[in-house]
Structures are given as structure tokens and as C-alpha cells.
Amino acid sequence: MDKSMLGDLDNLPEEDKVRMSTMIDQLQIRDSLRMYNSLVERCFNDCVDSFRRKTLDKQEETCVRRCAEKFLKHSMRVGMRFAELNQGAATQD
Amino acid sequence: MAAKPPSTMEKEQIFGMAEKEMEYRVELFNKLTHTCFNKCVEKRYKESELNMGENSCIDRCVSKYWQVTNLVGQLLGSGQQPM
Amino acid sequence: MDKSMLGDLDNLPEEDKVRMSTMIDQLQIRDSLRMYNSLVERCFNDCVDSFRRKTLDKQEETCVRRCAEKFLKHSMRVGMRFAELNQGAATQD
Amino acid sequence: MAAKPPSTMEKEQIFGMAEKEMEYRVELFNKLTHTCFNKCVEKRYKESELNMGENSCIDRCVSKYWQVTNLVGQLLGSGQQPM
Amino acid sequence: MDKSMLGDLDNLPEEDKVRMSTMIDQLQIRDSLRMYNSLVERCFNDCVDSFRRKTLDKQEETCVRRCAEKFLKHSMRVGMRFAELNQGAATQD
Amino acid sequence: MAAKPPSTMEKEQIFGMAEKEMEYRVELFNKLTHTCFNKCVEKRYKESELNMGENSCIDRCVSKYWQVTNLVGQLLGSGQQPM
């Protein structure tokens, strides 16, 4: 949205930069944990539909593994494309 | 392990981590609850009790969800370590 | 994820324990209110489909009551199973 | 009720509660908005105006959602008191 | 839920009122940005289904515009009805 | 632009805005990721690799999602200015 604000931060003293980087770290930890939760939810929903036993069978386990791996690869690809678009938008200004 | 008291910075990080960790557990519990309700509970709501079939489905659903959590956790963790 | 951190808290002075328990209280209040909101959303979606009148009819009201009661019972059962699994994981270490 | 000014601890709790309360209202409004859009609005988007049928559906949907909120609130509250 | 608390705020000194209004501003900014994100998600889901080209065609663009405009009008109407119900609940006490 | 250092109030507002802005970007990225996974990826999970068709679908999906974000942003922004 507003990229101009990031320029202002260079004027801030050292302690504020520390505070800013702590904030970024905290957001990244929160985001990783949320991603973990939503990945579990998605792969469980897509792969587990029978509740006759209380342990995953081999087929369900394989499905969950592939689902998680596929999602992570997808997420990395989206990340690359997203970064390109963000850069393009930044250099357009 | 060490008896040395943590510094202010370390304390802030411990509190921040503890907060994120608790948020994570709450979210895990909520997603698990909603997912197993969707998978196991009859939605016409003919009665307000859970019947025997629903109850055993719920127990197994929680157990399987827990296993999926561990399985995905291993896959995510193995990025840093050799498989 | 990381249970070791909870051990560190015993070393913290009294004021930090107060701060920690305040944080837990705040998270529980937030969680209760979110649960309330998502329960309303779920039972409304499952029970209300006709918009010819602006008040709930008897059938819709019964459906909402049962939905909410059933969800609360479900949630308690999940809570018990979840606690068992958490304990099992803790004693495994 | 009393004229006595609140202590620092009480103040923090009032602010904390007020924040959670506002977050709750915002979330209620957002869920209500999305739910009634799903229930009432035609998704082929042939035009950008809401037609008469959609408008009256929205009004009734908001009214019914509000009633469900109160009904569920009573059920949740009655846990502490005798039914 | 608990409306009584808002009465207490009148007793608070000026600095607390400033703090409260800052808190409200922050929540509103967060809410606007979330609304923006969920509007994009909704209109994308409802309007874009073909991925043979990497740019939106005219039909998709029209659909997104109408979707966003319709949602905003809907949201304003819901806001008015919601305010009426809130007022009714407040005067009932 | 100006060299004058920001006041405490201004600083708090800058930090608050920066935090909301980052939360917004994270949420945008997450919604985009989940939406394009739903639109492009085959859910039977016969293998753990993305095939060519999925990959090109993902690239186009990201590109179109970005355009929708800009389009909706223009519509929301135009509320304050004359159309």
C-alpha cells in the first residue's frame, strides 16, 4: 500500500531499528505457526475421510506427505512470483 | 538449566515466544474442533445429544488429526536437518 | 512445539509470573469471544436459509439451540481427548 | 458507579477488555456481512447494484443473524446459572 | 457483550482517552486492510476461473468491478441495519 | 523528506502503521497462496511434484490475483476522489 513509510525508517535511531526488526521476527514466528496449522488442516481435510480406525493407514499417510510437500513447493513458487511483482511495482514509482 | 537470571532482552523474547506458542495451541485446538465437527457430526440437528457413532468418530478424528500434526511437523522440521 | 521454554519460567521472579498469567487471561477472553462468533456463524449457516420473514421461526430456533448444544458437547469431548494426547506427548520426553 | 479513580492494574484490565470487546464487535460485523452476502446476493454479477429482492433479503438476514447471536449468547451464559 | 464498561471510561483522565482513541484507530486500520484482502479474495474466487492467459480479460475485469461495488453497497446496508439493532439493544437497558 | 527527527507520538504511529502494513502483506500472500492452490493444484496427490500444467497455472494465477488486488485497490481509493 504505502511504501513511502519504509523510507522514513532510515532516519530513526539505532534502538528503533532494533525494535522494528524484533517486530518483524515476531510476525514471522506467528506466520510460520499459522502456516503449519493451516497446512495440517488442509492436508487432513483432503486426505482423511474414514474414521473406522484411530490410526492413519498407509494410504492416508502417503497422501498427507505428498499434500504437504506439494503445498510447500507451491508456496515457494508463489513466493518467487510475488517477489517479482513487488519489485516491478517498486521500480515503477 | 543455568541458574543465571535472564536479561531484559531474553525475557522479552521468552514472553513473545510463549505468547506465539499459546496462540498456536489455541488455533490448533480450534481448527481441530471445527474440522472434526464437519467430518463427524450430523448437521440436520434432529437432537442435541451426540450419538454413539458420532462420539467414536470424534475420538478417532482427534487421534488422526494429532498424527497428521506430528507428520507435517516432521516434514517441516526436516528442512533444516538431513532426512 | 517447544515445551522446554515452560521450564524456564519457574526461574522468573514473581512479577513475571503475574505478567504471564495476565497474558493467558487475555488470550482466553479473546478465544471465548471468537468461539462465540464462530458458533453463531456456524449455526446460522446450518439452520437459517429462508428470508421471507425477519424473525426466526420455531423450527429455526430449535435447530440453532440443538446446533449450539451439540457443538459445545463436541468441543468438550475434543478437549478431553486433546488433553490426553498432550499429556502422552509430555510424558514421552 | 464509585467516584474512586481506578488503579493501574484495573486500568490495564479495562483497556484489555475494551480492546477484546471491540475486536469481537468487528469480527461479528465481518462474519455477518460475509454470511449475508453469501445467502442473499446473486454471484454472477450481472450488475453492480443490489436489486429489491437482495435488499430485503439482506435486511431480514441481518435481523435473523442478530437473533441467533442473542440466542446463542443466552445458551452460553446459562452455563453458569440454573437453566 | 458488556456495555457497562464504556461508562467507566468517562471517569478516566485525558491521557487514557487519547490512548483509547489510538487503540480504536489502530483497530480500524487493521480492519480496513483485512476487508481489502477479503474483498480481493472473494471477487477473485467468484470471477476468475480460467488460467490460459496471465492478464485479466475484459469480462473478468467487469465482473471484479461489479463484485467489489456490490459488496461495498451490501456492506454499507448491513452497517446501517447493524447500527439500528445496536441502538435498539442499548436503549432497551 | 525533512531532516527533523520524529516525535514520540509520530514514532508510535509509524510503528503501528508499519506493523499493520506488514500484517496486511502477510495476509495477502497467504490468501493468494491458498486461493491459487485451490484453483491450480490437483487434490488427489498422486505425486509430490508440481507438474508443468500446475506450474504455469500458478504463475498466471499469481499474476491475475495481483491485478485484482490493484483493481480493487483503485475502486476503494476512488471513494475519496472524484471518479
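Order of writing sets the chain letters: A, B, C, D, E and F. Residues in each chain are counted from 1.
The working rule: a contact is a pair of C-beta atoms (placed from the backbone, for glycine too) under 8 Å apart; a residue touches a chain by one contact, two chains touch by 3 or more.
From a predicted model like this one, the values you see are computed outputs, not experimental measurements.
Novice: Show which chains lie in contact with chain C and also with chain F.
Specialist: Common neighbours, chain C/chain F: none found.
Novice: Give the fewest steps needed to get from chain E to chain F, where each step moves from one chain to a chain it touches.
Specialist: 1
Novice: Thinking of E-F, which of C-D, D-E or A-F forms a repeat of its interface, with over half the contact pairs identical?
Specialist: Repeated interface of E-F: C-D.
Novice: Quick one: chain A and chain B, Cα centre-to-centre, how many Å?
Specialist: Going by mean C-alpha positions, chain A sits 18 Å from chain B.
Novice: Averaging only over C-alpha atoms, locate the centres of chain A and chain D and give their separation in whole Å.
Specialist: It comes to 30 Å between the two C-alpha centres.
Novice: When the C-alpha atoms of chain B and chain C are each averaged to a single point, how far apart are the two points in Å?
Specialist: The computed centroid separation for chain B versus chain C comes out at 12 Å.
Novice: Of all residues in chain F, which are in touch with two or more distinct other chains?
Specialist: In chain F, the residues touching two or more other chains are 17, 21, 23-24, 40, 59, 63, 73.
Novice: Taking each residue of chain A in turn, which ones touch at least two of the other chains?
Specialist: Correct list: 1, 33-34, 38, 47, 65, 69.
Novice: Could you give me the chain order round the ring, chain C to chain D and onward?
Specialist: With chain C as the starting chain and chain D following, the sequence is C, D, E, F, A, B.
Novice: Under the touch definition given earlier, write down the residues of chain C that touch chain D in their complex.
Specialist: 22, 26, 29-30, 33-34, 36-41, 43-45, 47-49, 51-56, 60-61, 64-65, 68-69, 72
Novice: Considering only the defined contacts, which chain E positions touch chain D in the complex?
Specialist: Counting only chain E, the residues touching chain D are 1-2, 5-6, 8-9, 11-13, 16, 19-20, 23-24, 27, 31, 34-35, 38, 42, 46-47, 62-63, 65-67, 69-71, 73-75, 77-79, 81-82, 85.
Novice: Using the touch definition up top, name the residues of chain B that touch chain C in the complex.
Specialist: Where chain B meets chain C, its residues are 3, 5-6, 11, 14-15, 17-19, 21-24, 26, 29-30, 32-34, 36-37, 40-41, 43, 45-50, 54-55, 58-59, 62-63, 66, 73.
Novice: Quick one: in the complex, what on chain B touches chain A?
Specialist: Within the complex, chain B touches chain A at residues 12, 16-17, 20-21, 23-24, 27-28, 31, 35, 39-40, 56-57, 59-61, 63-65, 67-69, 71-73, 75-76.
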